[in-house]
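Heads up, the thing below is written out as structure tokens.
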Amino acid sequence: MRERAVALALPRTGADRALAAHPASALLRRFIRNRSAFAGSVLFGLIVLLALIGTRATPYDPVQMDIENRLAEPGLDHLLGSDHYGRDIFSRLLAGAHLSLLIGLVSVSLAVSSGLLLGLPAGYFGGWVDMLVMRAMDLMLSFPSVLLALGIVAIAGPSLFNVMLAVGIASVPSYTRLVRASVLGIRGLPYIEAARALGSAPLRIITQHVIPNILAPLIVLATLGTAGAILTGAALSFLGLGSQPPVPEWGAMLSEARNYMRLGWWLTVFPGLAIAITVLSLNQLGDGLRDLLDPYMRNSP
Amino acid sequence: MYKRSSSNLITRRRFIKIGGTGAVAVLAVACAPAAPAAPTAAPAAPKPTTAPAASGAGKPGGQIRYAMNNEPDSLDPAKTAQASAFNVMMNLYDTLIWQDPVDLKYKAGLAESWESSPDGLTHTFKLRKGVKFHDGTPFNAEAVKANFDRIVDPATKSPQAASKLAAYQSTTVVDELTAKITLKTQFAAFYDALSQTWLAIASPTAQKKFGDDYGRNPVGTGPMMFKEWVAKDRIVVVKNPDYNWGPPFWNHTGPAYLDQITFVGISENGARLTAFESGELQVMETVPEGDFDRLKKSGKYQMVVARTPGSPMTIFMNTEKAPFNDINVRKAIMHGLSRPDLINAAFFGLYTPADTPIADNTLYHTKKAVGMYPYDMEKAKKFLEDAGWKAGPDGVRVKNGEKLVVDFVDLTTYEPKVVATQALLKPLGITVNVKALDQATRVAMGHKGDGHMFSTALLDSDPGAIQLVYHSRNLGGFDWSRIKDAELDKLLDDQAKEPDTAKRAALLEQAVMKIMENAWSFPIYNFARLFGVSPKVKNFRTHPIGSYPYLYEVSLE
Amino acid sequence: MGTYILKRLLAAIPILIGISALVFFSLKLVPGDPLSAITGDAVIGKEEADRLREQYGLNDPLHVQYLRFVGRAIQGDLGRSLQFKRPVIDEIGAQLPATLQLTAAAMVIALTVGLSLGILAAIRPHSLLDALTMSVAMAGVSFPSFWVGLMLLLIFSLALGWLPATGTEGIERLIMPAATLGFGAAAIIARLTRSSLLEVLQQQFIVTARAKGLSFVKVVFRHALRNALIPVVTIVGLQFGNLLAGAVVIETVFSRQGIGRLLVTAILGRDFPLVQGVILFVASVYVIVNLLVDLSYALIDPRIRYA
């Protein structure tokens, strides 16, 4: 239940981080040579693959109870053991994989799009727009983001969708600030000034010149942010605010398993491990991407 | 942290209906009459679930750590309604009279003797001499008057005690040790109410001194004295060396054996269990069902199943909403949900199945209602077919384009029961949505009828308490099946006023049969409190009525 | 500087008011019945429930309840908890020491472990030691704290029986929660220290200092570290807030007393006065900590001055 510190790290301003400098093939070569990015992407790709398989086929029905075989130790019958209802843990982890990914994806998409919608005009136009947006962000930031998410789910009621919503909303300030700072950094650059002088409409300048230039830090933050969102989402589910049974969401599985933890170590070990590995792969990927795409953030945590 | 392991139980007990003849403490059990009509209708006398006190003196000294599943809100008997508070308060306070756990008769407490007027409206209590509160205040008739007047004062905002004294008019101090209590209306359960710790006598001096904070600084006459309360961590009580006014059925006289009891509230099952098994605790309440058997088999602990009387754990079906507005669908549940399977899946087979609204260890339980709806999947399916719910393509039944989907709203702690129900009703073509929520939310949803299935048990020695969940007066309250039945209301009202035990039994039987015939609710299992006790703890036995342990009797090896 | 602090504190007031109103009214949107804060588990009759709602003022319109709260709060009275039947301020006061103890211990662990790992890694970049420490740090930022806590419980309480699983008293009950909570923060601090230190070590004045013949260790600790710590301080401030938030989960996993559990109990019980009080308190602390972080820049980095 911690926020990734990097989520708030701001890029240096005034820097030109045009992607155009790196032709795609060169980028790919560097990507493969970057151990962190490569390992992370392979691992994450594998998890995505398993999640895709998990929505179609699992060794056992993930919600089918089998009281005779409850609490079976990991072995040939049940690869990772069975839970207190005799449900196969491996099948449940597979079946739940896409949910964790979905939490990350949906909440970060929400946060990124809101961040763009708020941060672009704030940075580009400045003035009262900027003031209004940034005061609102200050209000949100006067709370640890996890508490904010907790509050939102408490109000909206426990459900997986509300968790995505809450995690997304709670991370909007980070993206807004990043986008705004990036825009501020390039707003005064000669070619933007030139475009303006040529009479380009603000919308055109933003889509043609500004967005491509802030894409790199945004991708890095979004990758790391997805990892953070999965963690926060799992924490909320662990607190009983997420999906409702029998949905095999990993945080919820852990929350359920906790009451039976002394009846079998495998009940708590594997769901947590699944979350840890997924988050780890995304963090590795994010670290690697940062080194590649965003040389100015290379030395951030 | 959203796991509350606390049960949603009522802890009121009204046991005895006193005749208006001036007889004092007539014990319904002792004079349970023959059946008024059919022999099957004989009110079953509850079997004492507690053994008589063990003889032989225990060794004085030592202390125990006792874990409950939540921290009490207040130790002011007038201001709490919580079972955990009752648990602690039983050690700090005495009541005017006590109920013997074995013969179920009322015995002397702070009152040595008592008598009632023929009209049942005035009750005179001769109080025990020489009793002192822990703060040195003498116990007398003034104290009784001060306590009872305070309870009914609206400013006290009493959640439980005031309802016990709903009929209370006034107390007259006849002399130092004689208190005369006058009632507004006949109130047959008066003696039962007085024997409950909600109506225990607290020091009026301390109540004045601490005002609103009295609940955190309780002063009673009981065998243990309050020492400290570290919020969210522990409540410590220590031996009262002067104590020698306990009820006659306790296993010894004089001060308690234990020097100190530390009560801790640990709501997380796993955490409470870990603490118990690592030897940090000597007594643990609410052992998780999955671990009970394991601990018992280990042979290292005394494992106690203390059944509680009242209503079994019951699923209430919202009769205002489709599909449960159709009696056929309700009957399909009655036949189609297997109790043993449910108990096995959710509770590791620990509880005994129950199929009537009044549990079989409770007064006026009727055998007539037992086995009315045997488990029979074919019958259940037929009821659904008759109701027009036909099998759909994905196995879920459909009627007029609507799928047979119901929301089961319950406490997060009760999730296993709901998940098991979900799995067990699936073969019938019924989809159960699990709504596992916190107490505040799920109670509000139940009160509003927002959902199809709700569940609760009722912990009460007096079966009349079923009115709390079946009387239309409580619609918008705990009448979660949303029953509005004038006939049932009348039966429930009449039995509450009926002084004759035989007639009362018959009325209650009619009420129970009515509930059963209409398939308004689905009783699941007999509720019990599960204790884990260290082998070092001797003489651990529980009060049969609320299953609270008499820690006064406990000693350490 | 005094004016700056005053300005910052004054600016916090509308934020706090905004938060309190937001929290108050949005909590009322939650479907739960605040009466359960008073009656707990008990099943009670509807008439009694209605009487209690009236007696506790729960039937009053929302704005009346809110104004009553604000009116009292201005006089320093946060009201009484419905659940615990005593002043909210006492309830917070009772829980605060445990949470402070936990966050302080976690912070000490985070700083010592985080800084040493970060420095170790930066001194020999791309060595085995670097890879090892950074792997630990990666685990720290990736592992869910509640799971780490459960694993510690599984190992040290259940399997080995070395440490008590629950409770608040004593240092032995502090070790696991503080380690769990501190682990994540330590990882972040370690990563930042390493990268920040590496960056500083490449700068001109360090190169000059080395050229002047100063030993590497001396350069690191005398010159580089001071400069490298500036971003670390920011993160430490932020981490403090996150530790507070993390305490909610950790206190639950280990059944410790504390503000986090108090807040959750209050939310679950719809104990409005208590929720209000705790939220206001936590937000105030957060605002003050952020202010302290800003001020501490001035101490570390003399270039920054406040007008």
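Labels A, B and C are assigned to the chains in the order they are written; within every chain, residues are numbered from 1.
The criterion applied here is as follows: contacts are C-beta pairs under 8 Å (C-beta built on N, C-alpha and C of every residue); 3 or more make two chains touch, one makes a residue touch a chain.
Since this is a predicted model, take the numbers as computed values, not measurements.
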| item | value |
| --- | --- |
| Chain whose Cα centroid lies at the greatest distance from that of chain B | A |
| Pair joined by the larger number of C-beta contacts - B-C, A-C | B-C |
| Mean-CA-position distance for chain B and chain A (Å) | 47 |
| Gap in Å, rounded to a whole number, between the CA centres of chain C and chain B | 40 |
| Gap in Å, rounded to a whole number, between the CA centres of chain C and chain A | 22 |
| Contacts with 2+ other chains: residues of chain B | 1-2, 268, 270, 274, 277, 438, 441 |
| Per-residue overlap in chain A, given as positions that touch at least 2 other chains | 157, 239, 258, 261-262 |
| For chain C, residues that touch 2 or more chains besides their own | 30-31, 153, 158, 248-249, 252, 264 |
| Chain A-touching residues of chain C, taken from the complex the two chains share | 12, 15-16, 18-19, 23, 26-27, 29-31, 138-139, 141-147, 150-151, 153-154, 158, 184-185, 188, 191-192, 195-196, 198-199, 231, 235, 238-239, 241-242, 244-246, 248-249, 252, 264, 267, 282-283, 286-287 |
| Partner chain A, residues of chain B touching it in the complex | 1-3, 268-270, 273-274, 277, 288, 290-291, 294, 341, 344-345, 412, 415-416, 418-420, 422-423, 433-438, 441 |
| Complex contacts: residues of chain A adjacent to chain C | 1-5, 8, 138-139, 142-147, 150-151, 154-155, 157, 227, 231, 234-235, 238-239, 251, 254, 258, 261-262, 265, 268-269, 271-272, 275-276, 279-280, 283-284, 298-301 |
| Chain B residues touching chain C - in the complex, by the definition given at the top | 1-2, 4, 6-12, 70, 73-74, 76, 79-83, 154, 157, 159-160, 162-163, 212-213, 215-216, 230-233, 264, 266-268, 270-272, 274-275, 277-278, 280, 438-441, 443-445, 447, 450, 456, 458, 467-469, 473-479 |
| Complex contacts: residues of chain C adjacent to chain B | 30-49, 52, 55-56, 80, 83-86, 91, 94-95, 98, 153, 157-158, 161, 164-169, 248-249, 251-255, 257-258, 261-262, 264-265, 268-270 |
